[in-house]
Amino acid sequence: MKGYCILGKGKTGWRNDLPKPVPKPNDCIIKPTAVCPCTSDIHIVDTLPPTYSHIIGAVLGHEGIGIVTDVGSEVKSLKAGDRVAGLSMFMDFRSMDSQAGLAQYNPDDSYPDRLAKFGGTFAESVYVYEADSNLALIPDNVTDKQAVMVTDMMSTPFTQAELANIQYGDTVVVIGVGPVGLMAICAARLKGAGRVIAVGSRKSCFDRALIYGATDLVNYKNADIVEQILTLTSGRKPDSVLVCGGGSEMIGKALKIVKFGGTVSNVALFWGEDNTIFPNIDWGFGCVEQKTITGTQVKGGRYWTEKMLNLISYGCVDPSHLCSHEYYGFDKIEEAYFKMSDKADPELIKPVVYINDL
Amino acid sequence: MKGYCILGKGKTGWRNDLPKPVPKPNDCIIKPTAVCPCTSDIHIVDTLPPTYSHIIGAVLGHEGIGIVTDVGSEVKSLKAGDRVAGLSMFMDFRSMDSQAGLAQYNPDDSYPDRLAKFGGTFAESVYVYEADSNLALIPDNVTDKQAVMVTDMMSTPFTQAELANIQYGDTVVVIGVGPVGLMAICAARLKGAGRVIAVGSRKSCFDRALIYGATDLVNYKNADIVEQILTLTSGRKPDSVLVCGGGSEMIGKALKIVKFGGTVSNVALFWGEDNTIFPNIDWGFGCVEQKTITGTQVKGGRYWTEKMLNLISYGCVDPSHLCSHEYYGFDKIEEAYFKMSDKADPELIKPVVYINDL
Amino acid sequence: MKGYCILGKGKTGWRNDLPKPVPKPNDCIIKPTAVCPCTSDIHIVDTLPPTYSHIIGAVLGHEGIGIVTDVGSEVKSLKAGDRVAGLSMFMDFRSMDSQAGLAQYNPDDSYPDRLAKFGGTFAESVYVYEADSNLALIPDNVTDKQAVMVTDMMSTPFTQAELANIQYGDTVVVIGVGPVGLMAICAARLKGAGRVIAVGSRKSCFDRALIYGATDLVNYKNADIVEQILTLTSGRKPDSVLVCGGGSEMIGKALKIVKFGGTVSNVALFWGEDNTIFPNIDWGFGCVEQKTITGTQVKGGRYWTEKMLNLISYGCVDPSHLCSHEYYGFDKIEEAYFKMSDKADPELIKPVVYINDL
Amino acid sequence: MKGYCILGKGKTGWRNDLPKPVPKPNDCIIKPTAVCPCTSDIHIVDTLPPTYSHIIGAVLGHEGIGIVTDVGSEVKSLKAGDRVAGLSMFMDFRSMDSQAGLAQYNPDDSYPDRLAKFGGTFAESVYVYEADSNLALIPDNVTDKQAVMVTDMMSTPFTQAELANIQYGDTVVVIGVGPVGLMAICAARLKGAGRVIAVGSRKSCFDRALIYGATDLVNYKNADIVEQILTLTSGRKPDSVLVCGGGSEMIGKALKIVKFGGTVSNVALFWGEDNTIFPNIDWGFGCVEQKTITGTQVKGGRYWTEKMLNLISYGCVDPSHLCSHEYYGFDKIEEAYFKMSDKADPELIKPVVYINDL
């Protein structure tokens, strides 16, 4: 079997020698029909920390949808031919953390562990662990272009927004308007936000931010964002800040922006910096202003994924505007990967590869 | 001063002998610019329980917006000429219940007590108690037709939806599609509901339900609503039910519809029936299915009212579609009141009286 | 294998012809060391509804602790000889409802379905489904007498109290002071309740209510409990009510007792009555007073059960006072069952059978 | 009137020339019967930032109880002779933030603003703003020694614990076992914590930590606290951490200690350090481990204060063990202040001054 793999630090390529997977009793095999490269794939390849060395040789990719081809003997809710989302998210609903409501975390069997064991979505056949718990059927009126965005681009900021305590009519700031930030604008609106101030710089992103419900655009290249935002609001501090990009210094800026009692919710990964540092004065000296900082990984699993698909199916969100580049054919995964990794194209939001030739 | 008053059980009329109000230090006087009669005004007049006898002679009306004319000496945030919402909601933010987060309730100084003391909105001058806490400035881009819906028609179902534990992608049933139910559809959508099933019968309501985001319409005249709804969902029970109309038997139907762990949230007033009665089997025999029943009055106050106005100002909700009949002139309050009270007009949703002649 | 079984409506007895169970890959077999009969066992036997007919012949019992004897091939966290709680609670953490946080419910595979399939705890060997997810190790300093109370007598009211929104210093009423009500007193205290008013009648229960932290005792045989309670509180309504006994008319009484904005949380099973009926005036006519009614089944699973055991191990709760009668030997299960079922003994709280002879 | 005042940076002393206060309509005057100096009084005096210059000359002190002497004309719930807690906490329940549930914050009328305007508790007569909203009657069975701890020493960590998402049976770490940390141990227990690990060093504190429910003691002078704690728990990370002392570097340590999905809740004031700095790896690189950091000021107001007093009155907490030094007589305030400020006494927890001579 063929797959697009991590071959070492900063190095990717095709392998043709991968064994065709066979499902264990609770598991399934999927033929992918659409996949996306993600900046976190690239991040892992480019930085490859020593604790991740066991993933060298593994198939990359955690975004994708497909058709069920093989079904484990104990799988109850799925059959060959089903069109499904939820590939390669590897939630373990039998873990202790899951019983505490946090299936996305399993310190004993982490994302790299599972990627090494099962492989990602950039293969001719994709292995799905605990299929009944992880795969959701895609409604007929949801397109491939929409559905492929569900498990990460949409689910990540929707998880983030759930932690931000957004109330009806709130003013919410979204820092970063890449694909995750764009969906964060939607997520804030669908929790009841009134005003949504989006921070970015590229025209291609700003155009989409307006489609997704941003009411104000702030270009961080023009002036300090704190100053720009508080000018827009006449000094009244926003209720919450969703950090979807920028380095860890954004936490300090977000604390400075957010109101007494407000929440900063982060999904950016601070891997390149040793420390997060912020001025105590912006945090109410630690206790005066009840400002909360949180951050999260994406939620997944069948229940959550069905809910996300419902939002698309019933017309609440259309993530297809995230797609800036479209590729056709399994072998185009490499081209899409490099489009994502070199980041040179100002029009780049998210490339999608449709796999119509397997 | 002239005002439209309750004169006895089932009896309303104009009074011309009302004293012109003078504000106490924390209070304000407002000249109304738009008011609406509400079914609860009519309900109070028609049923007038003995405990409400002190309101005989009082000015009716609790929905309205206007312009500040007189400002108490201790009022800080308002001045003559300000265009405001939040009249006659009588929230007391100094009560003990308010410290527990429930300003809408004050058993020691209830709605009829305050109506008797201060009078309602159907007068040439409206008295507003604790103005800094209760009045919100109306943004310039919010019309009178929109703003007059804020304090009750919009705030009631938005309060209700907050109690219904709505999550992203949920299926929500809204029973009743009068003005409150129509806004409940919006409120559910803006907490993240995916599918919204609206139950009603009139075409004028159903047309608006679709505008406000209903995905399915169920006519209760066609067949049992439980059966119709579970057919639509292929037997999968909805996540929550918002009861906005019908008698108390709707609680039992809602319990039968709602899923394990789901919530029934009610804003209908069950004044005509002695008891609420529902089958134990539909409630999981009291404990098996973790079904929750709750009900609430409308929230108010300046903070909340500003948030509601934000939702209009930033394009999340447009309550102006609720307005089915428009009247011009202070004296038309009576005509609007009778339009509302006789309920004969199949096009009736909500009448608005614009007061341009004071 | 021998076991104490349901043999028909109102009929129980020993069977000696049960097959010795063999664990599937994720499951375990346990030798019980202590078990308790529960009123719900007796309730099922005495009422046996038609939908439960498949449990005729099944081993009874869902309370028990024991020693692991056989371990399925995929079980990771357990080995033969481990002393464990969590038998026969049958939580399915792979169900969709579990992903929504409600593992205690599985409409497709309910308690009677599982009892029919796996059998209960009154057998020489007890089958445990999904052992890694369901069994918790019992800390050394927790006695058998304490541990056997964990899965139902303690977990049920602790689940109930979680739903009652108890805040520091609240006044909480507990209706019913059988074993579940007694632990509800503890559960309320450990969520921060100040005053805890316990309603019952028997001296043996009241003595224990004081041990567990009740501050006031109300005997329902003396006068109407609503009147007695509001006299104690000088008319100030309690913050929440935990209903642990009585019929469905207790819901109405609890609504009358509870404050504006308060919660009634129920764990009593209303199986003998067709309807729950309560006066609308006590519920604020459905919406005026924001009173919430909820009810729940017991939570379980390894994570939760470990937390309950922690409370015992660290000295927060000592459920051993619930034990009013002790029996020694497997064959004494029948005697304990009849002690529980005839309810004649005024000293009866909860019988425990220690199984030291298997 | 005489009072103990801030006279400049690092300078305190008596003033005899203070005007005797006269209550405005909603306010009261109190004769103090017991007061405590607080480290935050000393902190303000010793650091006096330029923005606090308007408090020079003001009466110090925010902890105290007393007897009502003068009652404003609009005050409804109080009369001369009432024994009350809640002096000098200055909550404004009419502010907009209060309507959002955060009465402790008023950026437009902050703690120093109010101290400058009304003065603190170290005076012969204490002014209380909005008395109906702020003063709570002290139950007869609560002693002065207990009651004087309520508004800050007890309320601060109880507010903190409310933000820490403590669940039944959780393991909670309390860093710092001065008076606030000691009450944090109680607060954690009364939200259902099982194991409570207290971090400190002094014997006088550790003795009290055990009285208040600590199950494990960690001396930070012996070794790194992270290592010590994870050794105690066999590597299983605690569910939450309450930071009640130490500098801002404790946030990083707390993040390292706390589990996936856990909360760090802080009440220490980081005034001496410019920045809070923590390693990204301990925060899951910002997003991997859903770790939440929050901090808060003390809640107050009559409703909250009554709840705290209930906890004492009904035997849930006895804060009198916090009192390490007792003084008798108004003039002893200065001696108590210096006892607190020089911190030399290893037995020092909290000094109380009983004022029996006014």
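Lettered A, B, C and D in written order, each chain numbered from 1.
What we mean here is this: a contact is a pair of C-beta atoms (placed from the backbone, for glycine too) under 8 Å apart; a residue touches a chain by one contact, two chains touch by 3 or more.
Since this is a predicted model, take the numbers as computed values, not measurements.
Any chain bridging chain B and chain C, meaning touching each of them, is among A, D; the list is complete. Interface comparison, A-B versus B-D: the pair with the greater number of contacting C-beta pairs is A-B. The distance from the centre of chain B to the centre of chain D, each centre being the mean of the chain's C-alpha atoms, comes to 41 Å. For chain A, residues that reach two or more other chains under the stated contact definition are 100-101.
Against chain A, in their complex, chain B makes its touches with residues 158, 162, 167-171, 187, 189-196, 215, 306-311, 313-316. Residues 93-94, 96, 98-101, 103, 130, 132-133, 301-304 of chain A touch chain C in their complex. Interface of chain C with chain B (complex): residues 97, 100-102, 104-105, 107, 163, 248, 251, 260-261, 266-271, 273-280, 283-297.
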